[in-house]
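Read through the structure below, which is laid out as structure tokens, and then see the notes.
Read from first to last, the chains carry the letters A, B, C and D; within each, the first residue is number 1.
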Amino acid sequence: MALHDTYTLTVSCADQSGLIAAITGCIAGNGGNILNLAQHTATDIGMFFCRISFSASGGNPGAEFSEEEFKKHFARVAETYSLDWHIYNNAIKKRVAVLVSKTSHCLYEILLKHADGDLDCDIPVIISNHPDLAHIATSFHIPFYQVDPNKGKAAYEADLNGILEEYNIDLVTLARYMQVLSGDFCRKWKNRVINIHHGFLPAFQGAKPYHQAWKKGVKIIGATGHFATEDLDQGPIIFQDVIRVADTQSIEQFIDLGKDVERRVFVEAIRRYLAHAIFLHEGRTFVIE
Amino acid sequence: MALHDTYTLTVSCADQSGLIAAITGCIAGNGGNILNLAQHTATDIGMFFCRISFSASGGNPGAEFSEEEFKKHFARVAETYSLDWHIYNNAIKKRVAVLVSKTSHCLYEILLKHADGDLDCDIPVIISNHPDLAHIATSFHIPFYQVDPNKGKAAYEADLNGILEEYNIDLVTLARYMQVLSGDFCRKWKNRVINIHHGFLPAFQGAKPYHQAWKKGVKIIGATGHFATEDLDQGPIIFQDVIRVADTQSIEQFIDLGKDVERRVFVEAIRRYLAHAIFLHEGRTFVIE
Amino acid sequence: MALHDTYTLTVSCADQSGLIAAITGCIAGNGGNILNLAQHTATDIGMFFCRISFSASGGNPGAEFSEEEFKKHFARVAETYSLDWHIYNNAIKKRVAVLVSKTSHCLYEILLKHADGDLDCDIPVIISNHPDLAHIATSFHIPFYQVDPNKGKAAYEADLNGILEEYNIDLVTLARYMQVLSGDFCRKWKNRVINIHHGFLPAFQGAKPYHQAWKKGVKIIGATGHFATEDLDQGPIIFQDVIRVADTQSIEQFIDLGKDVERRVFVEAIRRYLAHAIFLHEGRTFVIE
Amino acid sequence: MALHDTYTLTVSCADQSGLIAAITGCIAGNGGNILNLAQHTATDIGMFFCRISFSASGGNPGAEFSEEEFKKHFARVAETYSLDWHIYNNAIKKRVAVLVSKTSHCLYEILLKHADGDLDCDIPVIISNHPDLAHIATSFHIPFYQVDPNKGKAAYEADLNGILEEYNIDLVTLARYMQVLSGDFCRKWKNRVINIHHGFLPAFQGAKPYHQAWKKGVKIIGATGHFATEDLDQGPIIFQDVIRVADTQSIEQFIDLGKDVERRVFVEAIRRYLAHAIFLHEGRTFVIE
């Protein structure tokens, strides 16, 4: 949960000695009080990833935290160690758009979790290529826009971009949104579009993954939350979950069972994004929790 | 568990009305007492699968069960309904060969489960293309044969077949056996060779599946027990299991974690075979438990 | 799913030979066509449980199924074998009331699954001791009644019973309903009230189970769907599920995580009731799926 | 895995600001290079727990790490913040004794994981109150001692203590060891005896937990790894796992299924101990991974 006056700092870099002491020393030296530190060195590739949450108050007495000052000081640390870093003021909530088509279970899930105070973001707008789910947006008091895909991909995505910009959207989430996005769109929103695929990637890419799974006779089915890229169902994976199925179940039952997995994967992928827990390196994620 | 004087009957056929009453009626009429009945109609393909365990004693008083008589009577039912059927005398244990290479966890698992009375079969022989695991065979008092793959595939498999025939083997199990079997061998032993693949098929076929999985950044890894076919890692799937992994884990840890999944999948696939629970139809299994 | 012209027959009795043939023979003899048969013999207690779904059409040509005739014929079979049996016409949907207080996740779950065609029942009424969730009932177009617990237990439950009778309710479901029901009420609705307890019973009975679990330092938490009885949290268990927790999580997080388990357990317990899959024997259930 | 020249430092204390910077600063200042840091603030009780692995080489150039010097310097930090701390030289392996009775699955599990290089400890001795499992010790080349419980609890435990001391044992593990230990023994070995209980504690304490579970009709069974205390089955919980069971399974099957859970819980509890991941506070553990 976002706490007033707290910040989250993410750092990734080539592994080297002294990193944690340098980073935490700079925070302490600027009057920050570390609340939580998660860190991982991926020895297979020699990379260091770190996420630190700290409070601007309650640190060393005498030191008063200033975001501007900290950034200046930390930039020097970053230069020394060639860090890739970001700092987030946790009081500023991310603005998340939900794109839907006709299926409601992922939309309901994000709205219910959000209403329950369980997702730390704003959801200012819902966009669809179909009118079917407008009533859900209405009952949650969120503006609903229907965009017409028949006007051609370019015009359609121009409309989409217009709405996303109007609402200052940080993250686009595809809640079983059945419309392929263009390479241009994916590049413009790179690493800021989370899609849910109703199959356990990299198996069962493309259309009708539950039909594929049933036909193959797999004993476990799943869903995958990933960043959308130009290459369909190939983007970096953020979260996955599975459920055991029986050969006594029909394709129809696979689809029904899959819904619970999909909605969970959808929200858990978004939650990790909002927690700044996702590090990207060479086409895969490192989710550090 | 095999019970003295009990039989298991398996039936598969196109779905039609009256099947269960006809089948169970024939058993009862011959003095059999049904202990367990598992049945499934796969509506997606219009097929009926059924497995019945029954006792030859304890049925209707007056009727004495005779296997020969039953087969004669049931053949008529089978003709009427075009049934594909098999009957197994549960007192006759299946003879299972274990083929290994250098890794011991799947071999230990099957031997320990067997010693625990938890796998209803005989394990009369262990065969390997390496000498490394001979001591395990010794400590479990099971003959161990080392076959030399360097003599050429044909000669090697002739040796293999010789041993399997000498020991009257019903089922060949590949306990992380690192040697590709020829098409001839797979055809000869069709649906009687169970392999364990250390990946969640159909994803991550071929070599080094844990490396593939790590590189792709999947969040769940698995293993697959399947019948070996000419097409590598494409045979009908019998059992699968998975385990959640973290991005903070190395390839080495994936391999270690995977072992527990592999050994479980290996034994569970074999268990389903021994229970006559696997029905094959058009390249996939229907496991009816 | 309820199918037109199909029936479900449940049978429980002391184990004895010839049961399945006698039961299925009677169905076939009356022109019924068996769609699905699930059966279990609990050898630990010598009991036989069986559930059969059959179609009234499509059976043996010439035989036309009549529910009245079947009941007459089956009563004779039942007498011979001392069967406890029930037959359900699947075209007649069960009428389910949902009782709630202030927490919405279980209520939403049952309403969304029902709207999705995933729960085969009618939900004609929602009743609460608080006004908070009225808007959800409204948005799903279901009558909502607020009953005042301050008028005293007897008067309160008289009101409750009045509403349940007015709506011809078959099953009462407690969707995190925070009001203890009297012994009289539990006896009147015996085996027809399903409660969800937010703990893994029999551990953590009573109030604040998540606090109890956190304090004890358990590594897995759960929820339990059970029939409500006079003895609080002691009724026969229908379904349970769990989730792994970390010691780095707070009580607050336990409560949040638990919600997903609770809603799933709630709906799965109800689903088993609607499928006539629950057999009761000496204070425990046998759920035969 | 233990790495040459690496140390693990554990710290627990009342939560306060500046802790991480002070701790990591002292390590860096002494020439240590942090490899891994795991930390948790339990806000429910205001406690801070931290585990840091660091290398004595590869730190800041010029600074050469000395264990003695570090301890002196860190003692000052510890005094300032009232830290409870321990430092472990990872080159020194913990010495683990395994106590068994007649059941072999937990014993095999620890021996196989150890042989696989998957448990970072020495296992110098196996002790039993029965002769049955001596052959397993032999085949793994580990001394086996049989101690006679019939000589009376005091004499028996004197023998036990004699062996444990002779082998310089750090941790006593009870691998389904069926003998209640005295309060004296538990106090002497406080927080150094890990037991496996074959039930999901705190439910199903005491004898025959699978029978209890079956009779209650629970749908999930489990096992619990915990520190042994005077109060039977009440010690701090280290690790738990569960498995779903069906009402179609017998008590015998519960026992068989439970074995896989028990052996896994047993080894995972020990693994966490060896990793110095277990923090104890007011009768519960905080396992920080």
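As a convention for this text, contacts are C-beta pairs under 8 Å (C-beta built on N, C-alpha and C of every residue); 3 or more make two chains touch, one makes a residue touch a chain.
The chain lineup, named per UniProt: A, B, C, D = Formyltetrahydrofolate deformylase.
The structure displayed is predicted, hence computed values, not measured ones.
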> Among the chains, which one keeps its Cα centre farthest from the Cα centre of chain B?
Replying inline: A
>> Please tell me the distance, in whole Å, between the geometric centres of chain A and chain D computed from their C-alpha atoms.
In response: 37
>> Show the residues in chain B shared as contacts by 2 or more other chains, in ascending order.
In response: 40
> What kind of graph do the touching chains make: line, ring, star, complete, other?
Replying inline: complete
>> Considering only the defined contacts, which chain B positions touch chain A in the complex?
In response: 40, 42-44, 200-204, 214-220, 222, 236-237, 239-242, 246-248, 250-251, 283-289
> In the complex formed with chain D, which residues of chain A make contact?
Replying inline: 17-22, 24-25, 27-29, 33-37, 39-41, 55, 58-60
>> So in the complex, the part of chain D that touches chain B is made up of which residues?
In response: 104-105, 108, 112, 116, 118, 139, 256, 259-260, 264
